[in-house]
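We just call them A, B, C and D in the order they show up, numbering each chain from 1.
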Amino acid sequence: MNKKQSLFHIAKRDTLPWYKSFAIRGCAILLALVVCAVVTMLLTGENPVNIFATIFKGAFGSARKSWVTFQNLAVLLGISLAVTPAFKMRFWNIGAEGQVLIGCLATAACMICLADKLPNAVLILVSLAAALAAGALWGFLPAFFKAKWNTNETLFTLMMNYIATQLAAFFIIVWEVPKGAGKIGIINQGTEAGWLPVVGGQKYLLVILVVAVLTVFMYIYLNYSKHGYEIAVVGESQRTASYAGIKVERVIVRTMVLSGAVCGLMGLLLTAGTDHTLTTTIVGGRGFTAVMVSWMAKFNPIIMIFTSLLLVVLGRGASEISSTFGLNQSFSDILTGIILFFIIGSEFFITYQVSLRKSGKKEA
Amino acid sequence: MFFDFASFLPRAVMQGIPLLYGSTGEILTEKSGNLNLGIPGIMYVGGICGVVGAFFYEQAVPAAEMNGILAIGIPMVCSLLGSLLMGLLYCLLTVTLRANQNVTGLAMTTFGVGIGNFFGGSLIKLTGSEVPSIALSTTSAYFSKSLPFAAKCGWFGQIFLSYGFLAYLAILLALLASYFLKHTRPGLHLRAVGESASTADAAGINVTKYKYLATCIGSMIAGLGGLYYVMDYASGVWSNNAFGDRGWLAIALVIFTIWRPNVSVLASILFGGFYILYLYIPTGTNLAIKELYKMLPYVVTLAVLIIVSLRKKREDQPPASLGLSFFREER
Amino acid sequence: MAPACAVKMENVTKRFGKVVANNAINLELREGEILSLLGENGSGKTTLMNMLSGIYFPDEGQIYIHGKPVTIASPKDAFNYGIGMIHQHFKLVDVFTATENIVLGLEGKLDLTEAGKKVKEICDKYGFDIDPNQKIYDMSVSQKQTVEIVKVLFRGADILILDEPTAVLTPQETDKLFQIMRNMKADGKSLIIITHKLHEVLDVSDRVAVLRKGEYIGDVATKDADQQSLTDMMVGHSVSLNIDRPDPVNVTPRLVLDGLTVFDELGVKRLDNVSFTVNAGEVLGVAGVAGSGQRELLESIAGLYPIASGSVTYYDPADGKTKNLVGMDPMDIRKSGIAMSFVPEDRLGMGLVGSMGMTGNMMLRSWRKGHGVFLNRKDPEDLAQRIWQELEVVTPSTSFPVRRMSGGNVQKVLVGREIAQAPAVLMTAYAVRGLDINTSYTIYNLLTEQKMKGIAVMYVGEDLDVLLELCDRIVVLCGGQVSGVVDARTADKRQIGALMTRMEGGKTDE
Amino acid sequence: GTKSDDTTKADETKTDAPAETATDFKVGFIMLHDENSTYDLNFINAAKEACEKLGVEYKIITNVPEGQECYDKAAELADDGCNIIFADSFGHEDYMIQAAKEFPNVQFCHSTGTKAHTEGLSNYHNAFASIYEGRYLAGVAAGMKLNDMIANGYITEDQAKMGYVGAFTYAEVISGYTSFYLGAKSVCPSVTMDVTFTGSWYDETAEKEGANKLIANGCVLISQHADSMGAPTACETAGVPNVSYNGSTQAACPNTFIVSSRIDWAPYYEYAITAAMNGEAIDADWTGTLATGSVVLTDVNTTAAAEGTQEAIDAVKAELENGTRHVFDCSTFTVKGETLTSSKADVDTDPNYTPDTEAIVDGYFAESTFRSAPYFDLQIDGINLLDTNFGG
């Protein structure tokens, strides 16, 4: 008798109570931290406790650091919120990077070209409109082709990233300061024209508030609105959607325009709100990280707060590690990778049940 | 001045080879239904592992006593092992644990680029050289050795014979992969797995095995692209981030060539050409325009993407179960 | 153990989470017999067979093949024991040719020309008609099924399992299939067939085994059984098998189709100058060989298929005004106040959202109700509860994903929802496909009820007996054209069969 | 690291700074990348050297992009108690100014910047070095090599064409390649030079392909102002001599590397930190020179360089130091065929880049005199900016 079936039996679970699934995720993160600690010791010889303490210190070591951490959190969360509706629709948009960047570019264009022509409030409104429109356009193009001809959106949006980058590079040279330098520097540093106002005396508060509102909005939009339902149905089956009277093409385009516009808004917040400049790397890969944030949170805006916090703290801590221990900064990418792998892998144990196979045969 | 094709073409080929490795690897992977967005990371890992291997060999043995077979063999084996591990990691997560492929891939890219730059950076520190790069000139000399009579054959030699062996290996692998997919039984089975894993499973094909094998072999091939880049193209000099975004271009090529490795041979060279064309185009000191020319490969990819989707040919579509994980007891 | 058993399953149990799909089942298939496996929807037939074909692995129990205890851990093991299964949902790769599909999973050097020849031989031997080099996506349903059968024969299986093979076949095709099955039996092969159509059970099988709610009820020799006794066995209590057909009242035109012509994406004409009237207060049957344009007909009325020419006129029951539906999409139709319900052929691909529960699926019809931007969840939840109870849907809760329900239960959710829309026009495509007999009759009665409410009911079906018993008039389609409209009370099966194949000879398949 | 050297070299300023003050004095550094970038490594090494020599506590923050994060990091360093903060990248300037305004008690020093003399902040300072002198010396080595090739019959005098891979069309780059060219010309009068730009400070592929293109165009010697190993390795592969920048590339290019010039930032760091420790004012613009030890050349690679190169360099170096030779001596070059007698340079940054300062002094172009960062941006004869007249 051959006995070649695997030792484990895997079966799909019924839905787990939320506390169990959280416990599984918690264990995964703990395990990940242990592995990170081991890897840290092996690769660098540093005491992992110190490393983690330093990461924490890097993120929350002073009031200023905490503010910066929350600002970074807000930006990453905002971009993650932006990509979420499209993902719920199973539209694999990996173009948030470009959509945000083009928003930055539009904002910068307004700030540079209109600074002395418009009063500040109007300038900000014009920048807002431009950023939203630019982001929306970057979302619209892949969606339009997807809706009309089912053009692969993953590749399309990826290419749009590069096109946005090169456009930004082009305009950076056109607007470079000083001549030949290939960079813009702080825009309107003297006049602060087009800069978003500082609220509550805290430079970064405005961004945080905007994203907080956005989070609530997105939560309600996805779960309680008709649009949210349409998105879910289109994501499942386009034929079912048209059967239900949902205009599929319109929903795809509308959702991506929304995604893109929110990305554009994040671009505005970056360029007019915090950074006041335009560089090709201003988004810094957050468009890609956002995909992971959104997915790990199962597209739930509230949980996304925590997933983005995790990644932001790791990233912020990394620069602290590298200056404290003289470690190469890429080390944080390795740690981030390890933690992500564990979280990604832990989903399996939430969806499936693994049991040891009883020795199979013979009862009767 | 005219457009100097004989000098441009070999440069385009050299740009194209890493892309060809990447796309061949990714095509094999995608044919099994795995969309591996971790290829950019894997190519970094392939590169750095080769560098690490070569580094320790060069450290251990004085240049004069180095053995050609070992000088090529050690980095290659290290590179293959490194990317194999990455492939295994991807499979463990997406095939065994059925994790979302897009997310796993993106995480692998973060991780792989991190590994490359971390170890690259650490080795650079170890060497303590004045300019921060690891120069494996001796190893590189073995890798980039071109055919001895290439120089004597004028433009013909320059265009066709002037490359290191990894360049020819890339083309060979692409053609082999193409034959494998089209004309062999495992190739047929692999395609079936990518089209409909449950159908393949019901036909008695070991879906898990095929997914693992295709993905791991694909990763190893892609990793060679990284190796080629440092050892041949970059003359044995590892610099952090120098490999850039080529991994993403390789993924773009997969769709560009509608999943055909043999088409990828020419398409990679075309892309390689686009990648550096801006340096050959008359822009002079107008650097802004140069930035626009750099868009070329991406715009062309978009154009092809749109044209292919307009044609709506069934055979031009991605493997039907690309990106989906397979669970036999799933309804 | 009796050596004459091709398959013996002993105390086989299979659970899915909390669902016990099979509970300590003991089943025997004798060598050289055709066994029918009968049971209501979700009674565990497919699950049981999947354990033979290696798709599922039993939680408990033992399987014997030709008397030898075996472990079937994968489909490959199953092939090695000579077991071949034709699944309820085809397992074919669309972009491959027939031959490529047939040789899939085999070993040795790949020689498609050689394999193609062998395929031809098998086809000749059993009388199949397929082109080995045709792509699956170009094939009709029955051709696809033929490929499945050839695939199993090609491997030299001597135990064949057919899971609802006739659900998608015309009576003629079914007859052909049964002839083939008898040939195979004569060849010494053992067969298990799952079907919900009792006359087929009686027609083709030697013995019938019955499952109910995952339990093995027993078996009878076919010669000792009749429709009523089998139904009673299946359901567990006595049921009546009559369709009540009251005469229509107040017959007025509701939909008038005139010269309807449509083309598919590839430019092939799917409907050709179709004209007929759908009356309120009657059930209009649509008969035809699979793929004769039934799907296109219903979808173009529903606004889901582009109409090239012709008109669809709707007579409003309230004021008798007419509206042309051409060019409207489902939303336009609904917005113009036309209540049209549609049970499509493809349940999970079109009628339902697989990952949502019953409530979410109820919303598919009502999500736009109510003003403002927010969804109303209360009403759909109530409706889901009602359907759950009234139609006895087997599901743990109204939020349980419908994809994970059995085929029959999925259909109940769909039909239940559509009828609950209180429509003026109700279109159903293969409304009872895959449903057990008990549920089927529930549906027939529901349709008749709708008719008596003055609703125009269109019933696309494949079972001519049912069409003749249920409908008032029958439109027969052939190759996209209307080949006849007959009175169901006077017509007979042969007449309709002839109309269905009127154009046959020239072009058989679409 | 507070390991205080006994500093036997007796720096020009006081070494009697008490040890206690040294310990609570803290220095912060902001670097664009980390040790893995040629550019930043040069700064990092200098930072460590200077701080360890002075025995002050220091903190180096790497990988700070040219954006808001630069301000954040500067502010964090100030929060951490740093008394003086340095940044190393041109694009950091605006953010350093922003931080300088917020922390008037902290000194902010920015290398390569241009705005200190116009910004008017007492705690914000620029620094650079007369690297054009280093380039000039490297150019001398290049010219010697060319002469060697002509003498060997490898090329004719007319074929003495050099290639230069530049990053941007920025004054620092123009000043750099022009001085390099003038250095070569001072020993090899027939030399010409092609220049191509990559549009990036670091792009291995662009630099490599740029160098390859120049080689294909007949350039027999290459130099570059861009940070990757692209150009040197292209030269090594093609067997074309290379004059490098920012450090020796001899390990990767044993057969083609001739010499390299670079700025040593340690003298500036020492100067600024010492001044800050003593509460003395730091120059708004500080220009390091050969004399301050800020401009240095690596050892000459005798395998690739012409014989006598080191001696020639030493001789010219002495002339530059004692002022008998000027790099941009107007008698050694022409612009559009004419010798320059007057040229206005754009020294003060303004939106329209209006030239504002007469730069020709005593018959030479006074580079880095009116501010530390270079402002020589003339196109002299003999240097051909590639592709500008392509096809014509």
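Throughout what follows, contacts are C-beta pairs under 8 Å (C-beta built on N, C-alpha and C of every residue); 3 or more make two chains touch, one makes a residue touch a chain.
None of the values given here were measured: they were computed from a predicted structure.
Colleague: Count the C-beta pairs in contact for every pair of chains, then give the pair with the highest total.
Modeller: The largest set of C-beta contacts joins the chains A-B.
Colleague: What chain is the most remote from chain B, judged by the mean position of CA atoms in each chain?
Modeller: Centroid comparison gives C as the farthest chain from chain B.
Colleague: Which whole number of Å gives the spacing of the CA centres of chain B and chain C?
Modeller: One centre to the other, that is 47 Å.
Colleague: If you average the CA atoms of chain A and of chain D, how many Å lie between those two points?
Modeller: So the centre of chain A lies 39 Å away from the centre of chain D.
Colleague: Averaging over Cα atoms per chain, report the distance between chain C and chain D in Å.
Modeller: Measuring from centre to centre gives 79 Å for this pair.
Colleague: Please report how many Å separate the Cα centroid of chain B from that of chain D, as a whole number.
Modeller: Roughly 37 Å separates the two chain centres.
Colleague: Please output the residue numbers of chain B that touch at least 2 other chains, ranges allowed.
Modeller: Correct list: 117, 121, 125, 240, 287, 291, 312, 329.
Colleague: Two or more other chains touching the same residue: where does that happen in chain C?
Modeller: In chain C, 16, 74 touch at least two other chains.
Colleague: Which positions in chain A touch two or more other chains at once?
Modeller: 11-12, 169, 173, 182, 328
Colleague: Which pairs of chains touch one another in this structure?
Modeller: Once each pair is checked, the touching ones are A-B, A-C, A-D, B-C, B-D.
Colleague: What residues on chain D touch chain A, complex-wise?
Modeller: 34-36, 59-68, 72, 75-76, 79, 90-91, 93-95, 97-98, 114, 167-171, 173-174, 199-201, 346, 349, 351, 353, 377
Colleague: Given the complex with chain B, which residues does chain A contribute to the contact?
Modeller: Within the complex, chain A contacts chain B at residues 10-12, 43, 92, 94, 145, 149-152, 154-156, 158-160, 162-163, 166-167, 169-171, 173-174, 182, 288-289, 291-292, 295-296, 328, 330-334, 336-338, 340-341, 344-345, 347-348, 351-352.
Colleague: Any idea which chain B residues touch chain A in the complex?
Modeller: Those residues of chain B that touch chain A are 35, 37, 89, 92-93, 96-100, 102-104, 106-118, 121-122, 125, 240, 245, 248, 251-252, 255, 287-289, 291-292, 294-295, 297-299, 301-302, 305-306, 309-310, 312, 318, 323, 327, 329-330.
Colleague: So in the complex, which bits of chain C are touching chain A?
Modeller: Chain C reaches chain A through residues 10-11, 15-18, 57, 59-62, 69-71, 73-74, 77, 302, 304, 329-331, 333-334, 342, 344, 346, 348-356, 360, 363-365, 367-368, 373-375, 396.
Colleague: Once bound in the complex, which stretches of chain A touch chain D?
Modeller: Residue list for chain A touching chain D: 62, 64-65, 68, 169, 173, 177-183, 185-186, 189, 274-277, 279, 281-282, 284, 319, 322-323, 328-329.
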